[in-house]
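Notes to accompany the following structure.
Labels run A, B, C and D following the written order; every chain starts at residue 1.
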Amino acid sequence: MPGSSFGTLFRITTWGESHGPALGVVIDGCPAGLPLSEQDIQPYMNRRKPGQTRYTTPRKENDTAELLSGVFEGYTTGTPISILVRNTNQQSKDYSHLASVYRPGHADYTFDAKYGRRDYRGGGRSSGRETLARVAAGAVAAKLLSSFGIDVLAYTSAIGPVSLPDSLQAESRVFKRSLVMASPLYFPDSAASERAEAYLSEQMSTQDSVGGIITCQVTGLPAGLGEPVFDKLDACLARAVLSIGAVKGVEFGSGFSAASMTGSVHNDAFYQTEEGKPAKRTNHAGGVLGGMSDGSALLLRAAIKPTPSIARPQQTIRSDGSETELSIHGRHDPVIVPRAVVVVESMVALTLADLLLQNAVARMDWLQKIYPENTNP
Amino acid sequence: MPGSSFGTLFRITTWGESHGPALGVVIDGCPAGLPLSEQDIQPYMNRRKPGQTRYTTPRKENDTAELLSGVFEGYTTGTPISILVRNTNQQSKDYSHLASVYRPGHADYTFDAKYGRRDYRGGGRSSGRETLARVAAGAVAAKLLSSFGIDVLAYTSAIGPVSLPDSLQAESRVFKRSLVMASPLYFPDSAASERAEAYLSEQMSTQDSVGGIITCQVTGLPAGLGEPVFDKLDACLARAVLSIGAVKGVEFGSGFSAASMTGSVHNDAFYQTEEGKPAKRTNHAGGVLGGMSDGSALLLRAAIKPTPSIARPQQTIRSDGSETELSIHGRHDPVIVPRAVVVVESMVALTLADLLLQNAVARMDWLQKIYPENTNP
Amino acid sequence: MPGSSFGTLFRITTWGESHGPALGVVIDGCPAGLPLSEQDIQPYMNRRKPGQTRYTTPRKENDTAELLSGVFEGYTTGTPISILVRNTNQQSKDYSHLASVYRPGHADYTFDAKYGRRDYRGGGRSSGRETLARVAAGAVAAKLLSSFGIDVLAYTSAIGPVSLPDSLQAESRVFKRSLVMASPLYFPDSAASERAEAYLSEQMSTQDSVGGIITCQVTGLPAGLGEPVFDKLDACLARAVLSIGAVKGVEFGSGFSAASMTGSVHNDAFYQTEEGKPAKRTNHAGGVLGGMSDGSALLLRAAIKPTPSIARPQQTIRSDGSETELSIHGRHDPVIVPRAVVVVESMVALTLADLLLQNAVARMDWLQKIYPENTNP
Amino acid sequence: MPGSSFGTLFRITTWGESHGPALGVVIDGCPAGLPLSEQDIQPYMNRRKPGQTRYTTPRKENDTAELLSGVFEGYTTGTPISILVRNTNQQSKDYSHLASVYRPGHADYTFDAKYGRRDYRGGGRSSGRETLARVAAGAVAAKLLSSFGIDVLAYTSAIGPVSLPDSLQAESRVFKRSLVMASPLYFPDSAASERAEAYLSEQMSTQDSVGGIITCQVTGLPAGLGEPVFDKLDACLARAVLSIGAVKGVEFGSGFSAASMTGSVHNDAFYQTEEGKPAKRTNHAGGVLGGMSDGSALLLRAAIKPTPSIARPQQTIRSDGSETELSIHGRHDPVIVPRAVVVVESMVALTLADLLLQNAVARMDWLQKIYPENTNP
């Protein structure tokens, strides 16, 4: 299926290029009866918007979400929700010199290899601006999830070599949203945030860029979400998060560390809570067992590569194959991580909204709650 | 969509439980005209089969693939290919005591949470035996890819704390199949293999289990495979590989290391080969740019958790919520990695076969090669 | 997506050729907790089986359904249900002379045009035997629907020019299953059945074949099934029924007659029943308004073409393009209609089962019945 | 999958309500390199636009297509094509009295039954205005098909009881576009058109509405389009056409007439043309054999019900169940047929564009034309 749709039952389709007239998203399959307005969407857009701190591009993008369908008298109607964002700050002339050169670390060459042509203005479809549509839809998914007590929160856990201290990275650690929002880099720890800011300033002074790690926690998930075999919860989340341009790896719970653990260490023991519920003593699994949520907090970490657009000179080739040197000037983020935090959060929310709906048809006894009159005795 | 299908155009559907009468797979969308017989499939099955070395379960599983449809006079016909494997060594009584207890690290609890019931014999649908169907289909995908010069090879790069030396883990390193097959653990390095075997023996003597890392390399990929946005090559591969039960993380190229690199280090410079083709000086990207193959070798690493079934006593609960202690005796792999190598290889091959077909309809000039008579001047 | 799958949430994949070792179906997405055994499936298979009356082929096909997965202790588990039917009466030599000739009215030429090759034995994948897998799955869908009080019943309403009298064809007419089963041709009217039998005998004596019309009624459907826009109830049913080889047209309610009615005649007036429920005075709409079930009986009619295999000589060509004359001897049904009745019933049941599941996620208030603990106040 | 998407590889998603701010469509999967501009789309929009003749609603809808993405320097880029149409002539107050009453023949009741709420203004999502998005996308599909010599033409073959003469309805009859466009009702016969206009005027004078039949012919189709089993060419087209609100039946070639033919009459004999190509003497099959195009003209007929909105008083109920009488005044089409002609044409074009792409991956030898360098000898 063409690549601009995501989800099965809660399904989005995004469209738009960096320097076209607009970008947008259509959400199909949002259940009827969810209270929704543009006020639910704009705050997510604002978290992604550049120019908020000195660590993001000074480009001004006035990203206003226009809600065009699917909502009536304040509630979703069950029909597609279309959200449009006009591009208002396109400077296409900035990019004309890139028409026939392949920027290292970007999709210029691969787009040409695939399609035989590309919109080279600002990366076109492969621009980070595409994520704006994901965030608009993610806001709707997050609103849906919150109706069921599910909360998705992403934060920065590393910028370059500066990480959260190990004590704050235990698989069972859960942070508050306010703590994350207090840091300009979305670190849930002010000391780490300050160290990262210092590191970042240093790299910016040498016209270089840096990467980092984003962690996403989900609380309030009922057990059983995710479909066994190919649509496992972690498999679906990995695809979702790796579909974000700069992500180079994803892990759950102990992740790559699990590879060097023994079974007796990695296995999480079950116990019964005082309320009589099943629970786990540890969370090396990161909240997923056999591809389904296990009732613990879900924990996912995503590796973000350094911004590929740098002012330093780089060796590359032109579309005719000839070699050249390229320095990319312009308004680029020295680090993508802080702006990507809400994108990760959105992709996780979209995945969970879809799996929440898919899970609802797993059992006869649940269907009988929906179709009671039609159920035989 | 229900979770037992994978792929869009080259699409598989698997079925079967560990202790049911049989397991199998239906492959729909394999192009007509591929030479195929059971002899193409059985070698993949044999690589997955237990009992080959002292590091795998001594269970004897006589996994014979029966090809039931879709092939006529030695070639695929374009219709669904059904492959069936009878279960012949089921010892259902082994498992009856697990009917009402939740094994730590397994899907017992989550299956019950989702469906309200489960086939508890040998893990039922969540058993590692389910991967047998993936491997049968993977053999067909690999055969298809090899017709286009694409080769998929997975190998072991770590068992517990024992890793391939760094010099052998460069993103641009490519191994030969014969070297991998020479090691009982599928390490492409005999010294590392021996160290890993020693470590493994030690853990087996303490009734514990270990994890590891599997790397997969793909050579011969044309540039442009993968669909921008949500069905990026790396996103699809991540989902494919994380859908294997024991995988806890996936990374591409430099992966998590990229998070602490700067852009000037991570970006791969382009140059022109002597044959006039675009190429990259390094491969930190792991062969994927903007979600599409870039013509370099593809490099993926998957973290495998330690086998959850261990003989050591573990704390857990029963399905009624009460607490209990559990020791899992029986015939279990002390490490899943060696048997999972061919499963990773299969899931990568299945993903690439699907994306190869999807890519074929990306351009008008390609379609005109297929429908020449109908093309207007 | 490759063509051998049907459905989104209740999803089937069929496979197998007429003269291969076996045919079968995998049902993925059947909710857990449905009581199911081979005894639910075999009766549907038997209704489709040839050799039951003198009006069907005397071929003996011993079609025994083997249930291989997805059921444990008498209930579905939510995992894929695989059903296998071995071919036991293949006479491949019967068909070798058809390897290079295109039978009029069959798919021989189009299969070659598409795939460049075909399994020519007994029609291969395009054989009517493929419907056996649909019927096996249809039995499961019908069992699921019956749990919710929904009953699907197909019957013959015309054989060649012999139709049910108009008085029995009103859109609001609903028949009992026992009445239908009393006729060897599945006419719900013994007089029409006898006239049709006479007509059929006459055509058989001249080595010709005949077509007919199958009507399908569905009672007990809740209002609201079907998805607005492209997956309308009638659109989905039409695809389902026209995917049966011999069907050449489908209509709902007044169908083609509606084209010559005026709005004041065709519109069905609403009224309130004594129990206070919405109802319609007439049913020209055939139970569907705006692509959703309206609570009335659903009424669908399908036109079946005459069997293309006839012993009379026909003009045709060989695969090399040369012209030839062909007489098809062998064991062919003089009319497909009676055996197709259960196939239509199965395809309708499969469509409704899928839409029943899809509809369950349409509303927030329904989801809150399923996830009550997680719902915020 | 939610109901507002259509197609697998050439895939559209529509959105928008009759009285919301806008409607639109996203086309994902259009191959790169197709010349495309708003000038290709607007003529299709204009054919659908009301107010062109006295037989359509006098509402003025200024339907201007805005092309927002997916096209660069005059060619498609392979990325999603978003088309937006602003609603400019909404008179929402016209509809407020319909908030709590169910119009006979409309989707008011079923929308409420499904979603528990609806946008009642002008039918909301179930309005005929939704087809505007299909037509915009259909224009793109038709442009794609025309690049391969495939031409889709729909026309009116009946208005109420006034039909094209039988001699003009032979299954092998093919009309020119100019002939169809010469009639205000899109009849390819001026005498029939005049009789139909007279009949229509008569019904309009009695405040009633009428239905009709639309025929669609496709020429230039290569043989082999359509996927065997469930995605047969005719099955897909039937779904496509029945997804248009007012359609109540679909048939191919001889259609329902085939039911009363014998096999010796219905079978189309093959012969070899002077150019050495396979052809058929007759076309009772309507251009489709075994679910695939057979190289003849494709012929499909769709029954359109009379417009349900009529000024005559009708019995109905309110949403609280109470009974009432309703007269629908306002600006409604006395017949939907002429405006639906381009909608049928669009849905057929969309279906064929999708199947053209799907068919391209059916054979190894075709794939080898696309990936020649990678193909092994």
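One rule holds in what follows: contacts are C-beta pairs under 8 Å (C-beta built on N, C-alpha and C of every residue); 3 or more make two chains touch, one makes a residue touch a chain.
All values reported here derive from a predicted model rather than from experimental measurement.
Engineer: Chains in contact with chain B and with chain C: which ones?
Structural biologist: Under the touch definition, chain B and chain C have A, D as mutual neighbours.
Engineer: Select the interface copy of B-C from among A-C, A-D or B-D: the correct pair shares over half of its contact pairs, counted by residue number.
Structural biologist: The chain pair with the recurring interface is A-D.
Engineer: Centroid from C-alpha atoms only, then distance chain A to chain D, rounded to Å. What do you get?
Structural biologist: It comes to 38 Å between the two C-alpha centres.
Engineer: If you average the CA atoms of chain B and of chain D, how many Å lie between those two points?
Structural biologist: 44
Engineer: Please report how many Å separate the Cα centroid of chain C from that of chain D, as a whole number.
Structural biologist: Chain centres of chain C and chain D, defined by C-alpha means, are spaced 25 Å apart.
Engineer: At least two partner chains per residue is the criterion; list those residues in chain D.
Structural biologist: Correct list: 1-5, 8-9, 14, 29, 32-33, 78-79, 114-116, 125, 222, 228, 362-363, 365.
Engineer: Graph of touching chains, which shape: line, ring, star, complete, other?
Structural biologist: complete
Engineer: Under the definition above, what is the set of chain C residues touching chain B in their complex?
Structural biologist: So the residues of chain C touching chain B come out as 1-5, 8-9, 11, 13-17, 20-24, 26, 28-29, 32-33, 66, 68-70, 72-73, 75, 77-82, 84, 114-119, 124-125.
Engineer: How about chain B: which of its residues touch chain A in the complex?
Structural biologist: Touch residues, chain B against chain A: 1-6, 8, 14, 102, 104-107, 109-111, 113-116, 125-126, 130, 158, 160-161, 203, 208-213, 222-232, 234-236, 238-240, 242-243, 245, 248-256, 258-272, 276-278, 281, 285-286, 289-295, 303-310, 312, 314-317, 321-323, 359, 362-363, 365.
Engineer: Write out the stretch or stretches of chain D touching chain B in their complex.
Structural biologist: Within the complex, chain D touches chain B at residues 1, 8-9, 29, 31-34, 78-79, 146-150, 220, 222, 228, 356-358, 360-371, 373-376.
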